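Read from first to last, the chains carry the letters A, B, C and D; within each, the first residue is number 1.
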Amino acid sequence: MIENIKYGVIGLGFFGEKHVEVLSDMPGITLAAVCTRRPHRLKEIAGRFNLRKTYTDYKDLLADAEIEAVSIVTHVNDHREIAVEALKAGKHVFLEKPMAGTVEDCEVIVGAAKAARGNFMVGHICRFDPRVSLAKAAIDEGRIGRIVSMHATRNLPANVSAGVLDKISPLMGDGIHDTDLMLWFTGSKVKTVYAQNVRVRDFKNPDIGWAMYRFENDAVGVIETAWYLPDNTPFTIDARMEIIGTEGAIYIDCGNTGLTINDCAGIHKPDTVYWPDLLGKRVGVLRNELSYFGDCIKEGKSPDMITPEESKTAVAVICAAEQSAETGEVVKL
Amino acid sequence: MIENIKYGVIGLGFFGEKHVEVLSDMPGITLAAVCTRRPHRLKEIAGRFNLRKTYTDYKDLLADAEIEAVSIVTHVNDHREIAVEALKAGKHVFLEKPMAGTVEDCEVIVGAAKAARGNFMVGHICRFDPRVSLAKAAIDEGRIGRIVSMHATRNLPANVSAGVLDKISPLMGDGIHDTDLMLWFTGSKVKTVYAQNVRVRDFKNPDIGWAMYRFENDAVGVIETAWYLPDNTPFTIDARMEIIGTEGAIYIDCGNTGLTINDCAGIHKPDTVYWPDLLGKRVGVLRNELSYFGDCIKEGKSPDMITPEESKTAVAVICAAEQSAETGEVVKL
Amino acid sequence: MIENIKYGVIGLGFFGEKHVEVLSDMPGITLAAVCTRRPHRLKEIAGRFNLRKTYTDYKDLLADAEIEAVSIVTHVNDHREIAVEALKAGKHVFLEKPMAGTVEDCEVIVGAAKAARGNFMVGHICRFDPRVSLAKAAIDEGRIGRIVSMHATRNLPANVSAGVLDKISPLMGDGIHDTDLMLWFTGSKVKTVYAQNVRVRDFKNPDIGWAMYRFENDAVGVIETAWYLPDNTPFTIDARMEIIGTEGAIYIDCGNTGLTINDCAGIHKPDTVYWPDLLGKRVGVLRNELSYFGDCIKEGKSPDMITPEESKTAVAVICAAEQSAETGEVVKL
Amino acid sequence: MIENIKYGVIGLGFFGEKHVEVLSDMPGITLAAVCTRRPHRLKEIAGRFNLRKTYTDYKDLLADAEIEAVSIVTHVNDHREIAVEALKAGKHVFLEKPMAGTVEDCEVIVGAAKAARGNFMVGHICRFDPRVSLAKAAIDEGRIGRIVSMHATRNLPANVSAGVLDKISPLMGDGIHDTDLMLWFTGSKVKTVYAQNVRVRDFKNPDIGWAMYRFENDAVGVIETAWYLPDNTPFTIDARMEIIGTEGAIYIDCGNTGLTINDCAGIHKPDTVYWPDLLGKRVGVLRNELSYFGDCIKEGKSPDMITPEESKTAVAVICAAEQSAETGEVVKL
């Protein structure tokens, strides 16, 4: 068993920083290197976590033989290139979701993952959320029968999405989560996709995306990603899912986090689940996920909670939704 | 001012009975006659409310010169015939929703209403729900800006819908409410409609209907009518609406009625809003609505809370949804 | 049957105005007179509702032989004098809660009500709330068995209570509601009372009151009245009650009103139940209550939904709580 | 830094088993021994986790020089003896809450902890719940000003408490949590205590306990522990806390766990926070807590998240509540 994995993080935006925070005190892992093109940010993060190895070019980090595993937390458009090179360099690769922005890119990555000797896993974080995994367990036990209707909401305040909408669309950025979960829950495939986007502001991507799926098992699944909630929305994310089966129903509500703080600045429902701070330590779902990734490396087993093929399929469905939204037509898969 | 309206109710199913209960003790109205084809039911209701005039043929009730106003609470397929005759007979006519099952029937009814000297109104009860009307007021005051995204849920337990699905579909039976409200809230028109139905049981109509609308003002509206919730669902109806605007958002939740009773038979959230019993009197939204209809007659003014044209438009949109669900194609209006 | 009750309202503060709004369009009632010591306010209200008879001295209104019924909506300290005189003048009297501020005053009023020929009723509005009356019905049907524990919350934002705390305490002003409901639900009596007040601001009364009751049937009931919620609290009132019985439990939540409006000024959950505006008409619980009072007069029957003795008992329990809070000792009743 | 702590668990009831499940796969800890007086249970647990060292007498486990740290998860009455001996034996000691059943026992344990060279910590698990610790952080930042009123609920279904009520009372078993949190949040002391118990069934302890505290900082705190909810209560625990301050308010809701499963057997809100299963691993708050205890040992620092004195104080307040409930009098501390 590997006792101590030397780990690097590529990409130090908001979420790359979360990776660093979680990995920096994870038993069995030594966070050894970080990489971003922005020297100032690199210095800030390296200083805060007392990291010796810093890189502005990811290729240099990948060339570092000491590094055994990496998190890739960059813009989605860079995923293909970096993931493929990291796999070729023999690293264990944790790639943030979505796998890539196109099906073609996904296929290249899937191929590279198959050929690689290191582990590969895309960060479908929701599968590591106990609310979701207990729902999955209940479904697999047959407690709600066959799934016939699903609705997923994953809405963000407008001020949060403002920094993201030039990089990714709501459907690709958040709809990917629920698309993956719907595929996972039903164990079925999407037959047809219809979608609509709404543009409110002048970003590269529309502010709001809706998609309606028909599954091969006859279920309907509807995806709602409105990245334009009022700025004073109390929750950091309004994420809910309703799953109706022939024998029962399941309701997941990730927006109500069990904590409401009403101070003179407004009403806040801070994250208590995904990566809350506890005594200076990031606990919660992201830790569960990265801990799982680390455990797989230590135990020398391949991560099977989510396969590369599954990650690709979710992207393919979202791409069909993007196409439908653009053409106004139903897309058949 | 008319002091005392002589009133008749045609159709004595579940909801006809609710009309009778509300009208039987409404000040300024004398419930004078009831009508159903089922003699046993006629006797039961007439006996309970001590009503002298009973009819098994609605034509006889309409021929009764004493009756000034009627509620038509029959199957939707009978709406056209009865409504047109009632209007021709000079009665004030309250017609339950939906106006009719086809646009053609709606047009005939709208024509008859225009030609009639009596008042005419379709029972879009939700407009008389304070939760809804206060939302409408907030929208009209500009408090949430321009509407960009809406989602409406109106789901029923499977045991409740079992008695209804041979008569009407979820979209036509319940989606009509939210379609009307979306048209009312946006003040816009539906441009395109896409819909999906799911059939679970062997009724004439599918158990679940979903529709996605694109409005002329660019908003997206999504309608969910899953008439297949588990039988032990605690609420009588899971009715919710989310309205996202450029300056704010509104959430209506009609399922959480403020009362949860957990007895040994399960968890119940009884209706406290639509037509709850209070001291043997039906209060709530249905009373508000019928009281408004009566007030218009008394004051000699035409009901303007909902026009026949609006009722027809909602039916036209639902018919387009039914067509889309059947063909799998997007329908343009 | 009396067809048209001539009605007067004494006291035109916030709630007196609500009475006027409800009574002004109530069938079978003619709002004929209003009274307040403040001439400017008198003119404003009379003008708005086109009322001919206005009084600055309630004695003059009581001397008006045309007036058959009155609402007394004044400060609690004036209740005894005005109610007794109104009853002596032969009017039907609707007195706002609490009946009076002392048990002695209550006894005088109860005596006057017994001796009077007119109806008398104290406005325990919650009994006319369907959420509450359906809970009472479930309890009476034995659905939750014998009650063993109750907790009632009735909390107000600090900016709302600021205008009230010089007139009445939280326990007397709001705790009276839940004390009455606990007595009604259990059908028992309070044996011992312990209470604590907390003073935050410099008003005549403390901002927060808590009381713990032991009932003769062995149940514990706890009353929470914190009139010091943050000003940006979304609900107009945070009113909840939990009733645990040997066979089940009931939860009433009057704060979640089914409507959330998130505009740029904050999050609001407006009243949709007590006296919401619908098409320019005040509907809801206050209308239910005043309608009941009017119906009793019309039908020549005495109001039995709440008796004067019951109103007095609730005041007696609250007075014991006030005494306990002052002395720090348990008070036996 | 200690790399691998040899750990033993004493007591293998419901919660001892949870300790075993969490510790069995915790990095840096080797679960080496378990102990219970029940041979059958010992065999079951040891077999499931493949544990070599098993003991029926805790003294033998404590005599095992290899064991460096222990969890004591026995009946509260055994805490004093076992904890003192474990400390004397030089072990690091994690003692489940409450510290002990009497103040005298607590004092002995505190003394032993002071004299010991090993770490000592009582398992006040709630302090390791992100919902709670984020609330504490907000309070410490002054976001809600000075605390003036608190209400804590920690209610259990009757079928869950049936197995516990002969061992511990609701106030001592669950009220201890919220008493500790109120002391922690206010940073103040309890001055007076008043409490009431309600007995429903024939167990050694009453089914329901209520307590009202007055703090030195003038706040009121009310504790509700009704271990008699209906068996079909959807949540495993109805745990809520309301904290009202001069500048804001905080609401913690641990009952709504974000997951509702409605299958044909009823409505369930399973635990997703305290110790949910994720991929065969117990994650959540208990893991956070034991991980903290382990980290302190590894880093050679004393646990300061909760001190022995604090654990003792919470017990002292609960003992005062038990005394008040018995005598009916207010107890001064």
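In the analysis below, contacts are C-beta pairs under 8 Å (C-beta built on N, C-alpha and C of every residue); 3 or more make two chains touch, one makes a residue touch a chain.
Just so we're clear, the structure is a prediction, and the values are computed from it rather than from any experiment.
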### Task
Please find the path from subunit A to subunit D through touching chains that uses the fewest steps, and give that number.
1
### Summary
A student comparing B-D to A-B should find more C-beta pairs in contact for A-B
### Query
How far is the middle of subunit B from the middle of subunit C, if each middle is the mean of its Cα atoms, in Å?
34
### Summary
When centres are defined as mean Cα positions, the distance from subunit A to subunit B in whole Å is 43
### Message
Counting only Cα atoms for the centres, state how far subunit B is from subunit D in Å.
### Response
53
#### Entry: Where subunit B touches two or more other chains at once, by residue number
229-230, 233, 247-249, 262-264
### Query
What part of subunit B is in contact with subunit C in the complex they form?
27-28, 128, 130-131, 133-135, 137-138, 143-144, 247-254, 256-264, 270, 272-273, 276-279, 283-284, 288, 292, 305
### Message
Please output the residues of subunit A touching subunit B within their complex, sorted ascending.
### Response
148-149, 151, 153, 155, 192, 194, 196, 198-200, 207-208, 210, 212, 214, 218-220, 222, 224, 226, 228-230, 233, 244, 246-249, 328-330
#### Entry: Residue ranges of subunit A touching subunit C (in the complex, touch as defined)
229-230, 232-234, 262-264, 266-267
